[in-house]
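What follows is a set of structures to go through.
The same chain A turns up in both complexes below, where it pairs with chain B and then with chain C.
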Partner chain A sequence: MIDTATFASASYYVGGGLAIGFGAIGAALGEGYTAGLASEALSQKPESAGEVVKNMLVGQAIAESAAIFALVVAIVLLFSQPEVVTPLTAWSAIGAGLAMGLSAIGSGLGSGMPGGAACRGLVRQPGNRGRIQTTMLIGSAVAQTPAIFGMVTAFLLIFLDFSSIPAYPGWAAMLGAGLGTGLAAIGSGVGNGFTAEEAVDGITRNPEAAKDTTRLMLIGMSVGQSTTIYGFLVSLLLIFFGFAEDTSLSAAMKLLGAGLSSGFGGIGPGIGLGLVAAGAVKWVARNQETTGVLTRTMLVGMAVTESTSIYALIVSLLLIVVF
Partner chain B sequence: MDISGADFVQGLAFLGAGIAMGLGAIGPGVGEGFVGGKACEAIGRKPNEAGLLTRTMLVGQAVSESTGIYSLVVALLLLFVV
Partner chain C sequence: MEAVRTIRKKYCSQAMVAAVAGAVLMILVGEKAIGKGLVLGTLFSVVNFVLMAHFIPRTMAGSRAMSSAAAFGSILLRFALLAVPLVVSLRVESVHIIGVVIGLFMVQLTLMFDHFVRRRFSSIGNT
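Let's turn to the complex of A and B:
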């Protein structure tokens, strides 16, 4: 029979593996997308290689940061053994790995998308470099936000003291907390990438519209974070709500179900919100006179897209609070 | 951990409710977003038709929503009825 301390330290290694294993998926895809578009752009105009390759490396470096967050969490889990071992320590380490690793998937992929669009733009409109690169940097940086929510959840799970929480059903709360933020963040990260890519393309085409386009991009990207925030909210509830000891299976499964509901439920609406904002940003850049009507339509479209993630949030809250 | 038959059924009903609503929300979310994005593009092209296009967008999204509502109904059935 394995004792609690051994189980806890072994779980730190599993958590570290989950963090960097999942966390490496998104950044690699995003950076590959950037480099692919850079190569495509250079085939049209090889003489601008210096400018485009420099921009590609900057874009890739920002996309990399999601994987670097995951690497930091993995290293923390690998080299810091738990100081106070409770039966929950093992489960919170696995939850931390899931929260960080899964949340880095969307941000890594999304962050790479504006970088690729900027490489394409630099070949089409070399004189417009400042605005293209500024939009790329803003877009890529905002697309990292979901991974930061994941990292905050991971550090809460690693460093908080859970000795007062009963092991049953606490183990499922820890796992659910990791899955809630981690899964929900995948959607927002990818959605933000779609929005930022269209904004960079639009500003390449029409630099005059940079101000309106950037403003609408930021509105769209921040509304796009809402599904991650629902996931984060459910994770915080699972961490801090405080549950009475209950060794039944149903007490544990309702907490795990709450995490899965708001987590998976955030993926689709997160991507969808990004698609709505991408459509609006694209046409504001082409025709600034439509800014008013498009902002309105975008917000209505986003509100309807949001609805399924709100259903998922309601099911999670029912599972945590009512049952 | 002692698991009785009734507890096992209740536990898996809770887990099933979470999975049903969570996975069921993925498709409608992406689909409604796609509708919204294309509607914004269409209004950008033809701002005069904004009324018609907004109406069409909302009808299209309402239909896309239906599978999400099925998931919600199944989740609520699992929570309150089963």
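Let's turn to the complex of A and C:
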């Protein structure tokens, strides 16, 4: 058995490792995806090497932001341990690492996807460079939002004073808060990537539809982030709701279960929402006259796709408030 | 890779100029530690971008094993470097972590600014 002080101190190192360990996965996949499509583009038109590599570099730099968020949280966890570390702050540190690391997976991958599509587009339509790059940058930047939710949750878990919260079942609430936002953000990040990639492809194909395509992309990406918001909401409840002291295992497990419910429950719908929006964006670019009907269909499709994440949210709320 | 050199020079110099301007502003309003952090973070953000561009020919040429090794080495080296200013800011009181964090994103912010603000204004000027 390890003593409480050792566990508390070690948990900050574990939290730091989780933050950058998971965080690096998404950025690496996103950057790799961009570079892979850049290679595909170069194989089709080697004389465009300068322009493609330049765009790849910009796309990768933006995709790497998610990993830099994770690095910041990891370094804060590793080097700024409070003088008095309690079991509760120890679990908060692990929760913070999970919130940041997991959320950066989706954003890192998602923000690399439009970069790859832009490399492909520049080869097909070099005269349309400005619009392609603008859409790429907007898409990549918006896809970072789920990681920002993760970072906010991580900082709340690191810097808030939890001295008034009982350690039991508080530890499970802190861990659940990290998992709630972190897991849910994976789906939104990846889903946003699908939407942004399709928007870049669409604008490459039909620059005249750039305005409608970008608008629909932004609507689709915003709605696609709702599952992350549900996860974030559950995390906030777990952090701020306030629980009476209860040393039973079931009291802790219901709070952990709340985080897991909204977290896992957000992954599939997050990706699904991105696919719905990607489909709408793709066809608006091909047939601009159908923008109205496609927007309506997209929103209806998203509402239905989102329903499973709402079930998960309801279960989380029941676990926190009712049981 | 002349295009990469050009973009590297352009964005790195713009990021440093922005950081110095921001630091001067911070010092003038009495937030010297944030100003110092901004310059320090930007310096490492620039080094990260330079290394990223530097490793591109190595990751795109050679065998798959060599490319993977170069990419992995590049990420390890760059992340280790980016950690330096953060650790410094947590250890040294005269460097504020907020400034460092903003500085670490200065190249990305410059890319965005260049695309959305500068180009838009220059296109208005041309019309």
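Everything that follows uses one rule, which is that the second predicted complex is superposed on the first by the 316 of 323 C-alpha atoms of A that agree within 3 Å, B and C clash if a C-alpha of one lies under 4 Å from a C-alpha of the other, contacts with A are read in each partner's own complex, and residues count from 1 in each chain.
The rule we apply is simple: a residue touches a chain if its C-beta (ideal position, glycine included) is under 8 Å from a C-beta of that chain, and two chains touch if they have at least 3 such contacts.
Fair warning: this is a prediction, and the values are worked out from it, not measured in the lab.
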Partner chain(s) touched by A:Ile75 [first = chain B, second = chain C, both, neither]: second
Chain C versus chain B, contacts on chain A by residue: B
Which superposed partner A:Leu137 touches (first chain B, second chain C, both, neither): second
Which superposed partner A:Pro269 touches (first chain B, second chain C, both, neither): first
Partner chain in contact with A:Arg286 - chain B first, chain C second, else both or neither: first
Which of chain B and chain C A:Ala278 touches, first, second, both or neither: first
Touched partner set for A:Ser248, first chain B, second chain C, both or neither: first
Chain A-touching residues of chain B, taken from the complex the two chains share: 1-4, 7-8, 10-19, 21-41, 43-45, 47, 50, 53-54, 57-58, 61-62, 65, 68-69, 71-72, 75-76, 79
Chain C residues touching chain A - in the complex, by the definition given at the top: 1-4, 6-8, 49, 52-53, 56, 59-60, 71, 75, 79, 82-83, 86-87, 90-91, 97, 101, 104-105, 107-108, 111-112, 115-116, 119
Chain A to chain C touching residues, read off their complex: 20, 24, 28, 32, 35, 39, 49-51, 53-54, 56-58, 60-62, 64-65, 67-68, 71-72, 74-76, 79-80, 130, 133-134, 137, 141
List of chain A residues in touch with chain B within their complex: 168, 183, 187, 191, 227, 247-254, 256-280, 282-284, 286-287, 289-290, 293-294, 297-298, 300-302, 304-305, 307-309, 311-312, 314-316, 318-319, 323
